[in-house]
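There are two complexes below, and they share chain A, which is joined by chain B in the first and by chain C in the second.
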Partner chain A sequence: MSFKDVLKPFTAWKNLAIEPVSIKKPLERQAAPRYRGFHKNNLEKCIGCGTCEEICQNAAIDMVPLDGIETKEGDSGLRPMIDYGRCCWCALCVDVCTTNSLTMSNHFTWVDTNADNFRFIPGAENKPWDNEELGYKKPENYELNNPYRVEMVEIEPEQRDKSFLEIVKGFSKEQAIKEADRCIECGLCIATCPAHMGIPAYIAAVRNDDMEEGLRVLYETNPLPEICGRVCTHKCESVCAMQHKGDALSIRWLKRYIADQVPAEKYKEILETENIKKNDKKIAIIGAGPAGLSAAYYLALLGYNVKIFEALSGPGGMTRYGIPEYRLPYDQIDKDVDYIKSLGVEFQFNTRIGKDITLDKLHEDFDAVFAGTGLHLGRSTRIDGSNHEKCYQAVDLLRDVADGKSINVEKKIVVIGGGNVAMDIARTLARLQNQKYGKVQLIITSLESEDIMPADLEEIVESREEKIIIEPAWGPKKIKIEDGKIKGLHVIKCLSVFDEEGRFNPKFDENKKEFFEADMVVEAIGQGMDLSYFSEEMQSRLEMTDRHKVKVDNNCQSSIPWLFVGGDIVAGPDVISAIADGHRAARGIDNFLSQK
Partner chain B sequence: MKNLIERLKKQFKISEVVFQRDNEIFLTVEKMDAVSMITQLRDLEGFTHLVLLTAVDWLEEGYFQLTYLLNNYEKKTDLGVRVKIDRDKAEMTSIHHLWKTAATYQRELKEMFGIDFPGSPRVDESFILEGWDNIPPYRRDFDTKKYSEETYFPRPGRKTHDPAEYMKKKLYPED
Partner chain C sequence: MTDINKHRDKFPQKNPDGTNIIDLKSGKFIKVWQGPNHPGITGNMSLELTIQGDEIMECKTHVGYLHRGFEKLMERRRFIQCLPICVRIAVPEPDFNEYCLTSTVEELAGLKIPDAAKWMRTLLLEMSRLQSFLMWIGGQAGAFGLGIIGQWSNYVRDLVLDRFEEITGGRIYHMHMIPGGVRGLTPDGFEKRMEETLQEIEKVMKDIETTMFNNSIFKKRSIGLGYIDPSMVFEYGVTGPNARAAGIPKDVRKDYPYLKYNELDFDVITGKNSDAFTRADIRRKEIHLSIDLIRQMMVKMPKSGDYMAKVPNVLHWKIPKGETYVRAECTRGEFGYHTVTDGSGYPRRINVRGPSYTHAVALMEKLAIDVNIADTAGLMVSLHTYPPEIER
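And then the complex of A and B:
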C-alpha cells in the first residue's frame, strides 16, 4: 500500500466546505414558472359556461352559485368549484376555458388536516396564489376548438344590386358540420332567445347530420324556421360563449341549414302530425304574421279549429310585407306557412277586422281570439314638407313592393332613419334605381352617429357595397320644395340622441347645416300600431303599459279575458319575440278554455 | 441532415419529412422498413441513443403512430422516426435487441395502448396498471370520465348545476 492510498480517504474532507445541492426547506421551493398548480379564476371574466366541468376527465369540477355573482344574460351566475381529491392537474379546463378566466398558479404545496378544505371555488376564497403571476396559462395561438366561424358565402355586390335574388347562400353540409362542431353546448344562449329554443340540441343534430331530429327540436319552440333561419334578430349570438374566444356560433344560419335540408312533404311524418285529434273549440286569429302563425300552429297541435283573418293578400305579416325578398324569399315564407296550413288552419285574406268584420262578431263566433296585428303604421318626422306626395313611409313602400305594385322610383332619394327598416327600403329602392336608371343615387341619413345606429352592422356594410351613401348624425329640418317638387332635405347636426337618463331627447347644433339633394324622401323612423279595430268600449277596458303597448299576462291574456294579444303590439318589434308570444298565447288559450 | 434524408430515401420508403428545427427532423417510414432503417441509423449514422418510444392513437383514421426518437450524440441532432401501424392489428417488431431499454417502452405501450411487440422481454406483464380490467386507457375510445365516475365515488356533499337549467330557474321559471 502506497502512502497515497493511505491519504486518499481523507480527500473527502474537502467536500465539507461545499454548499450542499439538496434543499434545506423543500416546501419553500418555487416551482417552475409554467408549473400546473392550484387554479386561479377571474370571477368577473368567467361566465359560468361550465365547459371546464364538461371537459374534466376526473369529474373534479362542480358548477355552483356564488354570493355576489348574478345570473344574467350571457352569464349563468355559476362558478367552478374544484375537488382537489380528484384533480389530476392536466389543465384541460384551462385550455378549453372560453373566456380565459381560468388559469393555474405554480403553487403546489398546501398542508391541511381537513380534507374538505381541498374543495373550493378558485378566485372566491382569497388563496395566497390568487394574485400571483406565475403558473400555467393557455399558450397563445393554441385552441382546442376553432374560435372563428365558417364564413358564409354571399352573392357579390355587382351581381346582387340589380335584382332581388337571395344574398346569403346558406351552408353546405360540410360547412354546417364544421360550424356546428364549434358549439360547446353550454346553453347560455337558451335564456336569451325569446322563444328559449333548444339551440345546443339542434346544433348537435347538425353535427350528427340528423336533420329529422334537428327539425323536431326547431318545431318544439318555433314553427317558422325558414323565416327565422334568415331574418331572426339572433340575440342568442350576442351571448354565445365562443365570442369570447373569437366569433359567436352562426346559430341563425345553422337553423336555416336544418330547415333548408328537409323537404316540405316530409314534415308531417317527421313531426308526427299526421293524425291530430280535433276538438270542437274555435279560435280566431287576427293577423297572419309571425305571432298569429305561431299561435295557430300550437293551437292546431292541441286540436283547436283555427281561422286566421288577414287584412293583406298574403301570409307572413312584416316578414313578407316589411322584409325585402333578397333577405327572405317569398317561397321560404310559403314553406313555413303551407305546413301550418296543412294542419287544418284556415286563412281568410283581404279581410280587415274592424272594417269587414267587427271584433264583437269574432267574439260571438269563436271561443277565443288572438290578436297579433303588428306595427304597420309608419311614423312621420312631421317636418315641413313631409306631407308632400313624394314623401313616403318606408312600410308603405315595402308593402307595395311585396304586393308587386310598381313604385315610381326617382333619380335621387333620401331615406331618413338608421334602423333595419331604413336599410331595407334603401336597398330595395337602390335596386329599383339600378334597374330603371342604371345607377344608385341614394342617401340614408340618421339621427344616430354610426356607432349607435340601430341597424345591423352587416346591413350597413352591405348597403355601402351596393353604393348607398350613409350620412349619420344629422337631424331632418325641412324638406325643400320648389314649384311643387321636392328638391332635397335640409338637415342640422345631431350632437346626441339620448339624454343622461337614456331617454330619447336629441340635441342639435343649428349652425352646422347640410343639404341633401333629392326628388323623393322616405321616412323610416319607426312604426306604430293601429288599434282602431277595437270599439271605444273595448279600448276603455283594454289596459295598456306605460310604454303604450297592450298589457298582457305571461300567457298573453289581455285585460279582456277572451282576448289574447301578442307580437309587436306587446313587445318588439322582433320576429322571434312574436313567435314566442304566439306559443305562450296558445298555451294561455288552452288553459283559459279548459277552465271554462 | 438533408444529405442523411437523401441517403435514407434511396433505401427506404420515406414520406412526410418535417424539418422541425435545424437539428431535429421527423419522418414517416413504412412499417416493413422501420427496424432495418433504425438499425442502420444506430450502426452507420451515429444515432446511438434511443431517447424515447411513444405512440399516438389516430382513432378516426384507424391507425397508431409510433415515434422512435433517436439522438446522434456526436452531431447533437435528433431524428424522429414515425411508423403507422394498423389499429385493428396493433403489432410491431420489437427493437429490444438494439437497445435493452426499448423493452420497457414496449411493455408500457402494450399496457397503455394495447400495441404488441412479440418477443420483447416481459411485454405481457403489467407495468403500472396492476389488476387493470378495461381496454388500454390511452386508446382514445377509452372513456376516461366514465371510468373515473364509476371507479371513484364522489365526495359527499358535492352538487353541480347545469348552466341552462339553472338560468331557466333563475330567469324565466314560468315558461
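And then the complex of A and C:
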C-alpha cells in the first residue's frame, strides 16, 4: 500500500464533468428488433389449435371464444388469451405456433390501473403494438416439430401396372411412430371427420406403440378400420393443423397401421366382445356396404339380433364391387367383415329386397329395418352411340371384375369422366390391357380442366405413371360407330363447367373438335340410387331432400318410423360418412325400440 | 484502535483443534443474525454469527429462504418446458443453466448440434461471464464502501445486456439455447456494436482499476481477508476464481474443454495469496480475458449457416433412459447439471451443481471465524455467491 493508493481514488471526481449515461426517458427507449415484447396474433391466420397453450409451462394461455370468430372446419373458433401475470416472455408459444400467426412486438411498457386488463387476447384489443413490425418472430429454419410427413412407400409403376397388387406398402413401425410424433393433438380433425373418430388418441397409441389401445379407439367409432385405413377420403387431413407448417398428418395411413398390426384372432379379447348379452329384438339390414356393416356392428354390440340381406354374392358393397383390389385388397375387407360376423351378425347373400323378399315382409318379421343400399345405377351421357353394347358403365365393369368375371377388354379404350371412379375403372382396364396386349392404350377425358378435375391428385399422377393419357376439358359429343363397331369418341372443347352461381352448366366451343380413337367406351360420370325396392305406397310416404337423397333425422330415421336409412342414399358418397350413418342409426334404432 | 491480536491469548480460548471455545453463558458472546434481509446477491441466506466484541467467533450458515423447488418442478415439465424454469436457478447468470440443461438433453438424446450453434453458445456463455463479473465487481466494491464502482460497472453491464437483447430478444433471461441448437445467430452489424461495448468496458475498467484496486481502503480491508488454504480447495470442492486465487489452476474451460473453448487462445489465470484481494484481482483479469475471448469469437464465429438441428415434436419428445453430467466454467466456478432420464417425456431428476453451494454454505462457516463483523459482507461477496443456485 502506498500514498498513491490514498490519492488515486479521488480521480473518480472527474466523472462529475461527464454527461450522465442513464436514459432520460426510459419509456421511449426502442427495444431491439428481436425483443420479446408484448404478443401479437393475426386472428385471421390463427386456427385456434391451442398448441401455444399446450407448450406454455406457466399456464399463461387460455383458449377462449371471441366475438366475430366462428367455429368452422379447421378452426376451433377459440383464440389464445395471455395472462401477463404469469407469462415469462419465453416465446415458446411463438416458436410452436402452427400457423405462425402468433408473434411478439418489441413493446415493453404498458401502464394500466386495472390488473385484469393484463389478461388480454392478442390481436383482438387494438393495442398500439398490433401493427408493430419489429419484435420476436419464429426464426427461419428453426422448428420445434417436424413439419413434413414421412413419405409412404408405393410399389413402382413397372411392378404394379400388370397386376392388382396393393400399391401402398404401409408404414413400418419406425415410420409410423415418427409420423405419429408430429401430431400436436389439437383435435381439429375430430370435428371434421364424419364419424368424429378419436384421431389424436389413436395417433397417441401409435406413438406409444400400444396397438391394443389404438384398436379400441378405432372401434369406438369405426368398425371398418382396414377398409378406411386404405380408402378413406381423409377429410380430416384437409383440416389438420400441421398442414400450416408443412404437411398434414398421414392420418389415414396411421389408422391402417394400427389395424394391420393387430391379428384378427385377438380382436374379441382386446375389444372385450367375447360375451355380449343378446336381447330378443331382431333388426334387418338391407345392403352389406359400409353403412349396413357399421349399423350391424353397433347393433350387435347392443345385443340385437342382426341379419343383413345383400343382393350381391359378397359383403362390402362398393368397397368390394367398386374400389379396385390394388387400392383395397379383398382379404382386408374380409378381415373387417369377419370380425363383425363373429359377433353373431347373420348374412344372407344373393338376396335382393324388393325382388326376392319384399320390404313389407321385412317389416313384418323384424322390429326395425336399416337400409343402406348405395348408388349402383350408372349414369349415362346419353350421347349418340352410348347405347352400343361396347359402351359400358364403370360400376358394372368394376362389379364384374370384383366378381371374377372375365371382361372383353379392347385394344383402345376411352373413359369418360374426371372423378375417382373414372380413374379406378381406367386403371383397372389398363392393367387388363397390359395383361392381354402388353400395352396400354387408354384415354380418360373429362369435362373439367385439370385444375378442377374432381379426382385426387395422386390418382391422376399414378394413372399417368401407368401410361394412361388424360385429356381434360373435352365434352363428349358422339360415339362414332362404323359397321356396328365403335371407332371412337367425338369431343368438343369444354370452356367451363359451372356457371357464375356455381351450378353445373357446361359451356362448349363447338369449333374446337377432337376425335379419340377407341373400340370400347366406358362412362364414369356418376351413379344414381335404385329405390325400386320401395312399394309405390311407401315411396309416396318417403320424404326426400332437395338434393334427391332420402331425408332422415339426426338418428338416420326416415319419415317411415321403423325404417332407418344411411350411407350413399342419404349423404356422402364416401365410406366414412356411411360408417357414421350406420353408427347413428344403431343408436337411433336402440332409442326407437326402447321407447316402444 | 485496539489491536485485537495483542490480546489473542486472553479471549477467546481455543479448543485443541483450533476452534474457539464458546460459552454463551459467560456473557462475553453475542449472537447476531445477518440476513436474510436484503434481496440482493448475498441476501436470501443468513449467517448466524456468534461474536465477541466485533469479531466473529462462530458462523453458521442458513439457507432455505429462497427455495422455489425448481429441480422438482422440472420433473413435472416436458424437456422443452424446463427452459423457462432453469434460467431462474442462477438469476444473475442464467445462461449456464440453459447450456447445461440443453446439452445434457442433447447428449442423452444423441443429438448433434450445428457448429454455428456451438459458437453462439460459447459467445453467450462468455458474454454472460462478462456481465456477471461486472455486476460482482460493483457488489464487492460496495461491500467495502465504494458505492460508485457499482454505478460504473452496472452501466457497462447494461451495454452487455443490450448486446444480449440484440441476439436473444431478452436482457436477463435469454432462453436462446434450445435442445438442438440456438434460436438464431448474431444480427447484422453486431460485431461493430460489440466492439464498441468492449471498448467502453475497457475504459470503465481503467477507472475501476485506479479507484478500486489502487485504493487504500479496499486494500486494507481485503488483503488477508478470507484466506483459503490450498488444501481446502480439494477438501471443500472449491472451484473457479476462489480456487485459482489459491494458485490452483482449475478452470473447466481448460480442464474439460466444451463447445468452442479449445479453438480459443487463453491461459488460466491464477493468483498466490488466496485472500479477498487476490480473488478480486483474478476476477478483474477474468473481465479482460472475457473481452479478449469475445474479440476472438467475433473473428472466428460463422455469421450464417444452420443453427438448429432437426428435433422431433418437442411436445412429445421422449429422451432415452440414462444419466449424464455436464459442467461449464461460470463466474463462480464449476456449474453443472446432473440429468437423469427414464425414457419418458419428463426428466426423472435434475440436480444442479451451483458452485455457491460449496462456497457460501460450507466454506463461509470456516472463513468467517475471527473476521471483523463489518467485513462479513465483503468476505461473502469475495466468494462470489448467488443464493438462488444454492436453493434450486
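Quick note on the criterion: the second predicted complex is superposed on the first by the 576 of 596 C-alpha atoms of A that agree within 3 Å, B and C clash if a C-alpha of one lies under 4 Å from a C-alpha of the other, contacts with A are read in each partner's own complex, and residues count from 1 in each chain.
As a convention for this text, a contact is a pair of C-beta atoms (placed from the backbone, for glycine too) under 8 Å apart; a residue touches a chain by one contact, two chains touch by 3 or more.
Everything numeric here is computed off the predicted structure, so don't read it as measured data.
Partners chain B and chain C, once the complexes are superposed on chain A, run into each other and clash.
Contacts of A:K4 after superposition: chain C is touched, whereas chain B is not reached. Of the two partner chains placed by superposition, chain B and chain C are both touched by A:N58. Of the two partner chains placed around the shared chain by superposition, chain B is the only one that A:N554 touches, whereas chain C remains out of contact.
When the two structures are aligned on the shared chain, A:P200 is found in touch with chain B, with no touch to chain C. After superposition on the shared chain, chain A has more residues touched by C, the comparison being chain B against chain C. Looking at the shared chain after the overlay, A:D181 reaches chain C, while chain B stays out of its contact range.
Judged by the touch definition given at the top, the superposed model places A:A12 against chain C, while chain B stays out of reach. By the document's definition of touching, of the two partners only chain B reaches A:C49; chain C does not.
When both complexes are overlaid on chain A, the residue A:A191 reaches chain B alone and has no touch with chain C. Shared-chain residue A:L78: touches chain B; no touch with chain C.
The clash between chain C and chain B in the overlaid arrangement falls on one stretch of those listed (236-244, 272-280 or 308-316), that is 236-244. Contacts of chain A with chain B, set against its contacts with chain C after fitting on chain A, overlap at residues 57-58. Against chain A, in their complex, chain B makes its touches with residues 144-145, 148-149, 152, 154-155, 157-164, 166-168, 170-172, 174-175. Against chain C, in their complex, chain A makes its touches with residues 1, 4-6, 8-9, 11-12, 15, 21-22, 31-36, 51, 54-55, 57-58, 88-92, 95-96, 104, 136, 139, 141-146, 178, 181-185, 207. Per the touch definition, chain C reaches chain A in the complex via residues 77-78, 80-85, 146, 148, 152, 155, 162, 165-170, 173, 175, 178, 181, 183-184, 187, 207, 210-212, 214-217, 219-220, 306-308, 310-316. Interface residues of chain A, counted against chain B in their complex, comprise 48-50, 53, 56-59, 61-65, 71-73, 76-78, 83, 85-86, 115-116, 119, 186-188, 190-191, 196, 200, 554, 584.
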